[in-house]
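Supplied in structure tokens, the structure appears directly below.
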Amino acid sequence: MHDNTVNKPGGRKLWVIPGGHIPLHTNGPEPEFTSRDTLSILNCCEQMVIIQITIFYAHREPAGPYFLTLAPKRACHTWFNDFIFPEALPLDTDYAAVVSADSPIIVQFSRQDTGSAANALAGSMAFYADE
Amino acid sequence: MHDNTVNKPGGRKLWVIPGGHIPLHTNGPEPEFTSRDTLSILNCCEQMVIIQITIFYAHREPAGPYFLTLAPKRACHTWFNDFIFPEALPLDTDYAAVVSADSPIIVQFSRQDTGSAANALAGSMAFYADE
Amino acid sequence: MHDNTVNKPGGRKLWVIPGGHIPLHTNGPEPEFTSRDTLSILNCCEQMVIIQITIFYAHREPAGPYFLTLAPKRACHTWFNDFIFPEALPLDTDYAAVVSADSPIIVQFSRQDTGSAANALAGSMAFYADE
Amino acid sequence: MHDNTVNKPGGRKLWVIPGGHIPLHTNGPEPEFTSRDTLSILNCCEQMVIIQITIFYAHREPAGPYFLTLAPKRACHTWFNDFIFPEALPLDTDYAAVVSADSPIIVQFSRQDTGSAANALAGSMAFYADE
């Protein structure tokens, strides 16, 4: 009854998150309540995907690329807080992220901010920007 | 004055939610304040729709498919917490979900996290991935 | 330097919000802290737009249509809580909404839930479902 | 291995945010906890972009345009609270925003509401409305 597109969504190779900002303060036990920006990616292809992330700032040159690899049929949730090489992302600083992959992926962005004692969440799909 | 597309939106057969993660802790009376990931689906077709959900993880093979059916002109809000067969989804674990239907549907994702005493919400449309 | 598409975005005539659910409880002074689902619409056309909203439920026939009119170059933020005719929307009940207009509009959905004493917000663009 | 679309996402020239509303109250130290609506923009083109923002209200004529410029390969996070010229945006008032640029940009919208003592966040991509 089902067509065989099951588990084979199309995906895109280029995604943009304009509204990045790692919150400065954290309340509660880490890592569960660590304030963070999270990049969630699904690779539903049959091959490993190599992902490059470039970070754009308001007042300086872009940083990166940061590299991730993701095995076939795997999902990863990566914290922008953990992007260390070539340089760590500063906290409490506005940024935008461009996520580029060599095979189609699907990307979602979310934020957890525990800086005001209570937890606050925000999330949205990223914008796919393939020409 | 209106054209007769009213109540007949197009929908898509394949949707992706990369950023799943059922929160570990709950505060407040259940089920109203249970921490959860929710899948909201509208079937505005004239026939029943059969929906298959596959769950992708970071470090193991995908799980599923999980099956849902949805009657014509009906909406359902299903908790990922309640996906039991073929196996329960673990709490506090990153996952991605691919939602595949045999007729067009519309899918939204949301999270309620009451783990820090206050309620936190996040929501976004899913990504439609029909080729 | 600018082309004259300024203020004339395209819009769509058919939008879907699968994840409706008016929260049951409210904390804090009303109306500022009233728990609610909000439908935000922009009419950037030159003529009045007539909007029909149909509400889909899990276990009963759809309700509506509910009618709104929106003057040219005006925005409205309407609470689903305030949809009274032909019948009020029940609180604490899952629903989906289909928003159909006779001219192109742009639609966003948001929720404010103050039921756990602290405020919680969620928001997303609606899904445009024009064939 | 990578094609050279890296860092060159397509973007759009026209974006719409229907659900604007700057929260009235703030709790906590400013500016970190100031309640606000934020417009996040990435210019990944090679040239400066000029951005016009028009604000639509429920019961009066549109206001603006408000002007922003954004250097090539830069991101900006601008608060609607800070739009002063030609006139300040009122707090606690529903509005919609149309963002028009002379080169392709990517736009995200978010809200921080600290009015109920705890922080609440909401975010979504804007709707791209290029014809």
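Per-chain numbering from 1; labels A, B, C and D assigned in written order.
In this section, a contact is a pair of C-beta atoms (placed from the backbone, for glycine too) under 8 Å apart; a residue touches a chain by one contact, two chains touch by 3 or more.
Because the structure is predicted, anything quoted here is derived from the model rather than measured.
Novice: Only C-alpha atoms count here: how many degrees separate chain A from chain D in terms of the superposing rotation, rounded to the nearest 5?
Specialist: Fitting chain A to chain D on C-alpha atoms yields 90 degrees.
Novice: Same or different interface residues for chain A and chain B, judged by whether over half of the residue numbers are used by both?
Specialist: Shared-number fraction below one half, so different.
Novice: What is the distance, in whole Å, between the centres of chain B and chain C, each centre taken as the mean of its C-alpha atoms?
Specialist: It comes to 20 Å between the two C-alpha centres.
Novice: What is the distance in Å between the mean C-alpha positions of chain B and chain D?
Specialist: Centre-to-centre distance between chain B and chain D: 29 Å.
Novice: By the touch rule stated above, which residues of chain D touch at least two different other chains?
Specialist: Each of 117-118, 120-125 in chain D touches at least two other chains.
Novice: Could you pull out which chain A residues touch chain D in their complex?
Specialist: 13-21, 24-25, 50, 52, 54, 56-59, 61-62, 65, 92, 94-96, 98, 100, 102, 111, 113, 115-118, 120-127, 129-131
Novice: Taking the complex as given, what residues does chain B use to touch chain C?
Specialist: It is residues 1-3, 5-7, 9-11, 27-28, 32-33, 38, 40-42, 44, 73-77, 106-110, 112, 114, 117-125, 128 of chain B that touch chain C.
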